[in-house]
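Next come two complexes built around chain A: one with chain B, the other with chain C.
So, the complex of A and B:
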């Protein structure tokens, strides 16, 4: 397909697969357009088009799709149920394709199914996507493999950078949140920006080697935690909790996995200050700023106290 | 001396009967029924639960706290997927922090197969043989099918029992006495006999059923659908107001539904392509099927923040629009008031009646 332009919503799974997806299309020479960081208009459009009880992050996703509709030929919205056995995504995420299809019946969607329970592997999905764009299996597979290798490298680089940050002196907070919330301009960005501006290092629970995270979660909570992202975050929490001054839980209303595990974290961890922030479409940044300020006061005071005690 | 094990399953409609048969016969534990749900159950449950969690977590936790007060120390949860499969991790933590020493039995781990259920049972009771388990399982299947069959018949006809003046609907009374008698059934064969007896009894109840009564379908999340206290006795209200209730959600339907998602997708009129989680696909295909059969209206129920059913709602809205079938969406939480629910049902029923030729549903 010559000259086709693929639109990719900057929301939800995009934050897990950014490098893989963009690399894949780049390798095939396909033009892509990624929607801009979330803004008020996108949020407004998404909220208007969604069921009110849906989670805020998925409302934002719908807003991004709407933004892309008249700017591309196809919306890239693969249906990803899991990335291995016992590595499930939440039902909002694997229902996305059908949600988008029913919300925008006129949209053309570029889709493939990833479901390891049905032996539909990621590589096969990319072959199918390539096929829909007029590429043969070998070309698509090569493009996928190359993009995957690059994505793995980027991931390893991020982990190494964070390890360096961890050994540095100075105050640190651990962000316990899904990547699509942490980095979204209308959800977590404001929070991480606040810490950057105040010279406090931000550590991310989900930046961790996946195998290591899985092992840690299994040791602490048993093998039953079948949510991929949550298992990764819980592993990161176990690994980093002793090295930080405080923990921030960021969640959107009403998140399924977070509703269980944020509560577990709040009940489990008693030795660190924890701030739990739930974000929804009621824009209340003044309230969040106040809470972040008082949280910062607490961790700075605690650090001072510790230093005083050491003298 | 080790403490005596007293097991308890949450109140999920009338299905405690099933759980108790399984636990008492496979594990040899003493079983109790948790105290019937009241406002206190909801209050206790929601006080100790996270805000954003779906309603069944709060209500089952309330059940467990009340059962623990009565001495229960083993709690039964089905496991499986969605959030439900991981409820017990947090519920155990909460109960322990409240000072109750307890353990949880999870029937299915990740994938619900009979094999896994046997493994879970055998892990707790190593002397359980495959033979014994198969025998108990056959009994469970028989009881579940009979129970659901009786209840389906009851829902369809409850509104039309000729003797209305009795304090309890005669069909409901028959169903309740079945539930009283069944726990004593020796094996599947004996259970089948009891089932037949009550089936015959139910079918002999005189009915005054019009040719074309108002028919309302109920679909949605299984727990809220089958748990009358949690759905504000919605079905009783509908029956009292002369409605034939078509509801295919029950434990036996659920057990088949989770293995036939592909089938459901095929029967959804092209509105959905994939599994969208839990029983949401079942809800969509049932709705589509009921519409083909000319249902008057459909009520979709779910607990607050149930994510698969929220996805389903987006799809059901399109089906409703395209076919012109009225849908009503109801979300239940621990704060839902009965009066409000009944007002909405009344308005929905009035609207459906207005769509029908005058009075034809009474003839």
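So, the complex of A and C:
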């Protein structure tokens, strides 16, 4: 298919697969357009088009799709149910394709299923995507494998950078939050910007080697954590919690997995100050500022106290 | 000239101001309604403070806290602009140095602050829900045709508080109407409301927090003796309420001011200056940030609220 332009919403799954997806399309020479960072207009459109019960993050996703509609030929929205047997994404994520299809009946959607229970593996999905764009299996598979290798490299680089940050002196906070919330301009960015401006290093619980995270989660909680992303974050929490001064939980209202696991974190961790922030479409940054400021005061005071004690 | 320090706490409902000397003694204080106009309220507070103050003192530093801390901080050129949590903790520690827990119930929000060795260890604020705050009590008092002073007295006369669903303000209110209709006495209902506020607070804001003695109770609701009684019953420990409890935020920033090295004498004539604020919706990108501009005698002093570099000050 010559000259086709693929629109990719900058929301939800994008934050897990950015490098893989963009790399894959680039390898095939397909033009892509990614929606801009969330802004008020996108949020407003998403909220208007979503049911009230959807989580704020998925409302934002719908807003991004709407932004892309008249700017591309097809919306890329795969139905990703899991990434291995018993490594599930939340229902909001694997329902996205159907949600978009029903919300925007006029939209052309580029879809493929990933579901390991039905032997629909990621590689097969990319073959299918390539097929819809007029590429043969070998070409698509090669594009996928190359993009995957590059994405893995980028991930390893991020982990290495974070490890370096961890050994540095100075205050650090651990962000326990889904990537699509942490980096979204209308959800977590205000929070990470605040710490950047105050010279506090931000450590991300989800930036951790997957195998290591899996092992740590199983060791600590005995059982497998049902949700893939949460399991990854729990592993990161175990790895980093002793090296940070405080923990920030960011969640969007009403997130199912977070309602369970943020509560678990709040109950389990007693040795570190924890701040739990729940974000929804009611814009109330004043309240968040006050909480962040006082949280910073606490971790700074505690550091001073420790230094004083060491003398 | 002896140095003095000014602290102002501009809350949603009331504005508080104190002037202290170097030993944290309160030289002058003021407590007025904000009436939705923080700048006017602060001017009135400053007028009152300058009248009450001993002329042998000079205010050398200013601090602000409360929800309008930034606006007033800019207008008064304050050296310390601090969030309410830290300010309240510092103020309370100046009065009760060994305090471990601060319970605070204000007009629209409530918080708990846990302290160890004079350092804030943890805190919580009410989140999406304003149940069990002062405005809930005052609106229920109105519903029952009572003024707030009689409210506490009537509640104290009851030994059998009516059980009122405390989970949510809306449920509490309908439950209250129901209990009144089936014949519970007004005194019992009012006592039940005070108990509901305490239970709501402990189950929401205080959830999972270890409350250790000495406990200090602050905020407007701490003036209600019936609520104090219910807290003591529920916690099984004495609850300390200071007469100046409402001033702790202001006192806290005043105390913090003492650490500032750079000192500039404060001019109470500022009350003659006109401050104007304007909320502008920036139209340079789809974020439409609400930019607040503060003008002093018509000259732009500062602006904030911008989320990106597009924001312009008009």
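Everything below uses one rule, namely that the second predicted complex is superposed on the first by the 311 of 311 C-alpha atoms of A that agree within 3 Å, B and C clash if a C-alpha of one lies under 4 Å from a C-alpha of the other, contacts with A are read in each partner's own complex, and residues count from 1 in each chain.
Convention: a contact is a pair of C-beta atoms (placed from the backbone, for glycine too) under 8 Å apart; a residue touches a chain by one contact, two chains touch by 3 or more.
What you see is a predicted model, and the numbers here were worked out from it, not measured in a lab.
After superposition on chain A, the partners chain B and chain C are accommodated together without colliding.
In the superposed pair of complexes, A:69 makes contact with neither chain B nor chain C.
In the superposed model, A:278 makes contact with both chain B and chain C. When the two complexes are overlaid on their common chain A, residue A:105 makes contact with chain B while staying clear of chain C. In the superposed model, A:267 lies in contact with both chain B and chain C. Among chain B and chain C, the chain that touches a larger number of residues in chain A is B. Contacts of A:149 after superposition on the shared chain: neither chain B nor chain C is touched.
In the superposed model, A:48 lies in contact with neither chain B nor chain C.
Within the superposed three-chain model, A:255 lies in touch with chain B and out of touch with chain C [touch as defined at top]. When the two structures are aligned on the shared chain, A:95 is found in touch with chain B, with no touch to chain C. Of the two partner chains, neither chain B nor chain C is touched by A:84. Superposition on the common chain places the nearest Cα atoms of chain B and chain C 7 Å from each other. Residues 253, 267, 278 of chain A contact both chain B in one complex and chain C in the other. Chain contact summary for the complex, chain A toward chain B: residues 50-51, 53-55, 79, 81, 86, 88, 90-92, 94-95, 97-99, 101-103, 105, 113, 115, 221-222, 224-227, 251, 253-260, 262-264, 267-268, 278. Of all the residues in chain A, the ones that touch chain C in their complex are 39-42, 190, 253, 266-267, 273, 278, 280, 286-287, 289-291, 293-294, 297-298, 301-302, 305. For chain B in complex with chain A, the residues that touch the partner chain are 49-54, 57, 81-83, 85-87, 89-90, 93-94, 97, 109-110, 271-278, 280, 304-305, 307-308, 310-311, 313-315, 317-318, 331. Per the touch definition, chain C reaches chain A in the complex via residues 67, 82-86, 117, 119-123, 125, 127-128, 208, 285-288, 307.
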